[in-house]
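See structure below.
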Amino acid sequence: MWAFLKEDSSVRYLPHSVSERRQLLEACGAASAEDLFAHLPADVRLGRPLALDPGRSEYEVADYFHARAAENLTGRPCFLGAGAYYHYRPVLVETVVSRGEFLTSYTPYQAEISQGTLTAIFEFQTMLCQLTGMDAANASMYDGSTAAAEAALMAARITGRQGVVVARTVHPEYRQVLDTYARNRVLEVAACGYSPETGRVDLDGLSRAVNDQTAAVIVQSPNFFGLLEDVDAAAEVAHRHGALLISVFTEAVALGLLAPPAGADIVAGELQSFALAPSFGGPYAGLLATRERYMRQLPGRLVGETKDVRGNRAYCLTLAAREQHIRREKATSNICTNQALVALMATVFMTVYGKQGLRELAAQNLAKAHYLAGKLPLRFCGPFFNEFVAQARGRSPDALNQAVLERNIIGGLPLGRFYPELEDCLLLCATETSPRAAMDAVAEEFGHG
Amino acid sequence: MGERIRKVRGHVSQNEPLLFELSSPGKKACQLPPLDVPSVDPAAVLGPAHVRGEIEGFPEVSEVEAIRHFSRLASWNYAIDLGMYPLGSCTMKYNPRINEKMAALEGLALAHPYQPEPLAQGALEIMARLEAALAEITGMDAVSLQPAAGAHGELLGLLLIRACLEARGDPRKKILIPDSAHGTNPATAAMAGYSVENLRSNPRGMLDVENLARVVDAGVAALMITNPNTLGVFEENIRRIADLLHERGALLYLDGANMNALVGLTRPGDTGVDVMHLNLHKTFSTPHGGGGPGSGPVAVMRPLEPFLPVPRLKRTPAGWAFDYDRPRSIGRVRAFYGNFGVLVRALAYILACGADGLRQATLDAVLNANYVRQALLPHYELPHQAPSMHECVFSDARQARRGVRTMDIAKRLLDYGFHPYTVSFPLIVPGAMMIEPTESESKRELDLFIDALIAIARETEEKPELVLQAPHSTRTARVDEVTAARKPVLRWRPSPP
Amino acid sequence: MSTYPANYWYTKEHEWVQVEGDVGTVGITFHAQKELGDIVYVDMLKAGAPAEMGKRIGEVQSVKAVSDIFSPVSGEILEVNAALVDAPEILNQDPHGAGWLARIRLSAPQEIGQLMTAADYQAYLAEET
């Protein structure tokens, strides 16, 4: 039943010819493929072929995906943000990461033949420290949501406490992930509300929620509504009770212009904006960075600088004794992979923009969003970056978006699904890619309600 | 000695400083289009306290310097495109380039996770198609594509077990894990709030079923098993193991890292597995990218289906939609839906191979591993004689008599132009050398690898210092990991003036 | 060749304790540091923390392994060896002397009776290896 395919069934990813297979089998002392599996019990064998289509040529595979791609509406101005952002992607990003030496290499456990990856990660770690004001950054987490959850677990380890207070203005899906992670480590998560006028964390409410059992306070800035939080004030509340302050971000471009949170102990965030297009939600890369004194509590991979035995500067994975392959059940986390290729995309992006470019990019985002916001009825007052909440008047957000769609534009995110109290509102994001004409069209539709 | 090394020859390897050392004030590699709206003054709009000063030390280089920098760095890396990685349980197979092209299609790459479902039918269809294919391959009833990596999938798997047992009113506290397991298994069990009990393997390198029968009590939630195990040996008692656990109210979790030995031949769902994870970056050819991104879908049998993360895909008259109405779901393990770009690549691979091609890949993977095994038998110690599937595990026992250990042999392999095998794992084999060629390796590459290891065995006898001081011809020699851990330097800082 | 001081007491987990009056100095043995390899980091509970015989009072990390340290005696931690923070290698170089881990005020000196002598420990090592 399990015979090798005949010669004329071509499966181009398999290098053996029929005669080579025969040679290999002979060398193994086997007469046929069956002999290699003689030891498999009969009751585990699948008695039929897999119920999957026959294999396709490269061109047929391409046809399939082109057809699927055509079934998604893209290539139009889109005002969605909410954790995934549209930015121009410098061509160099693709050029670098499509090199086989980066794309098809393995985790750099063997430092002697992985200095390319290790050096790039070291540069990545450095740049993220420079941007966030932290002392140590790891080589990336799965995404912003899991980075935030791991930050909470890290704070619990450091303080020995069980409580976490998270602002409701942190991305709702990030909070859901935190709940899932916390439930199984016996962490207690409490939410802290926001002010209906400013759309920002209610600091009095925060003061009441934080106590001497709180390991961490988690705030996001810019928050889910796009507004800048007073992170230092939140940090002061946290520190007064001996808790840590975790600052979260979802829009990395903001780091180019906004002051890093001086009071934060841990920064967790999403680097998608620096790396790749929204890609229907993944793969992304999360950031986890902290102060020097908490460095050994960071989960995930870390690259360190050292020398080789000849005295040359070299890089290697380090502090592995935190990790799962050594500590096993006592590991700081179970994380094995880092999002190396996505982190490399971010590294190239940050390099291409550079010190001046990142600031300019952020400034353009600011200008675009403020242009659009200036024409819309805003729900909250207060400084914001490239996202804001606007109220639909006279018709529902869905009806508004339908009208906007008829003008070949995808509108903002109706907030009712996450915040029932804001069911007449939408979250809109404008970036350097948003054309003025599209923003004018959206503004017109808001006015037509 | 030199003529023995056939795969590589020395080459000129360029030096390259760090970006920060290359930088010069005012340089940049980008240019944005001019604003078509009025610019705003950040300090005026945000308040001066919210505006940062300059990003000190941040790179400032031109486009040419940028591309040279990363190209030179790339030249210091080994990669699958350059040759074999015989890493056990990593399944370093060829990463088909058509997969990259498909993931980059604008209609897929530009899709926003929150764009209205009627406008995302292509993406949803891809996810549904992949779920169905993975369910068929694993013989399980339902699949979640949400986890971002294998370890993430393991965590989800254990959360599902927990939810299922709690729903039965019988939450239990222990997870049993073989001592041959990958380190993520116990780490994940601890993250999921369980205590871990280690199980000894029997002398044949398989799970000791008699011992298991003694150990499975009413406190055991599940056994986490890898099949084939990390010795590359098929757990022939898998059905008995599953039955035993089920009789006593416990569940069976399969770590699917070694699926490359099973696809098309046997299905975990048919052998009593309740929940498992897959590694798309292993079995399903998605690229490792220097350490990620991967994807770790979880497959379950029907009793665990209600607990799967939200959202699930459902079919409606208008097409695919996300279903958030799942009251027994464990919630989310990440924002959005999964590493979609990786899912596209895996589906492209499955479509290209088809049923026959997937099975053929498995047959070739097992053939290649056995070919390497029989060729190395005269030269290296094989501690477990059970038949190998897609990987084999040798030990350095013979070479250790000359003071040469598995790590030294691994480092000498670098001089022969190969990435090493997995060193010192699984822990149950002292001095382990874990080799998984995968089906992607031609006879020529396999022969070069075998010749290299045979030559190293001879060097160990005749001139052990050659091996002990290896590598000799790589860009860096062995690195000082001790100082790196004692005095960690995790970022560049400018030298003091 | 390693010498195991005759006036020390030893545990099966390869810790030692040297008692003077009601204060015990605690460390890990030559064998333990050899198994671990180059020590990179030492993390002990703080002065003032309680110690309990057989319970964890800290851990020692090498590049490839982590080992929990279990206290050979019960009492209160008086002092932790600060020199190991900047120079963990001292633990490899002099595990029975300058590489001590903690000083503990004994709450139950009779516990010493349950520990091994140097001779017993060396016999135990010979069995284990």
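Labels for the chains are A, B and C, by order of writing; each one numbers its residues from 1.
The definition used in the following text is that contacts are C-beta pairs under 8 Å (C-beta built on N, C-alpha and C of every residue); 3 or more make two chains touch, one makes a residue touch a chain.
Remember, predicted model here, so these are calculated numbers, not experimental data.
Participant: Could you say which chain's mean Cα position falls nearest to the mean Cα position of the entire protein shown?
Facilitator: Taking the mean of C-alpha atoms per chain, the most central one is B.
Participant: Would you indicate which pair of chains has the most C-beta pairs in contact?
Facilitator: A-B
Participant: State, to the nearest whole Å, the distance from the C-alpha centre of subunit A to the C-alpha centre of subunit B.
Facilitator: Chain centroid spacing, subunit A to subunit B, equals 19 Å.
Participant: How big is the gap, in whole Å, between where the Cα atoms of subunit B centre and where those of subunit C centre?
Facilitator: Going by mean C-alpha positions, subunit B sits 38 Å from subunit C.
Participant: Taking each chain's centre as the mean of its CA atoms, how far is subunit A from subunit C in angstrom?
Facilitator: 44
Participant: Can you list the residues of subunit A that touch 2 or more other chains?
Facilitator: Touching at least two other chains: 320-321, 326-327, 330.
Participant: If a residue has to touch 2 or more other chains to count, which residues of subunit B qualify?
Facilitator: Residues 481, 485 of subunit B each touch two or more of the other chains.
Participant: Counting only residues that touch at least two other chains, what does the list for subunit C look like?
Facilitator: 40-41, 61, 63
Participant: Okay, in this complex, where on subunit C does subunit B touch?
Facilitator: That would be residues 38, 40-41, 61, 63, 88-89 of subunit C.
Participant: So in the complex, the part of subunit B that touches subunit C is made up of which residues?
Facilitator: Where subunit B meets subunit C, its residues are 481-482, 485-486.
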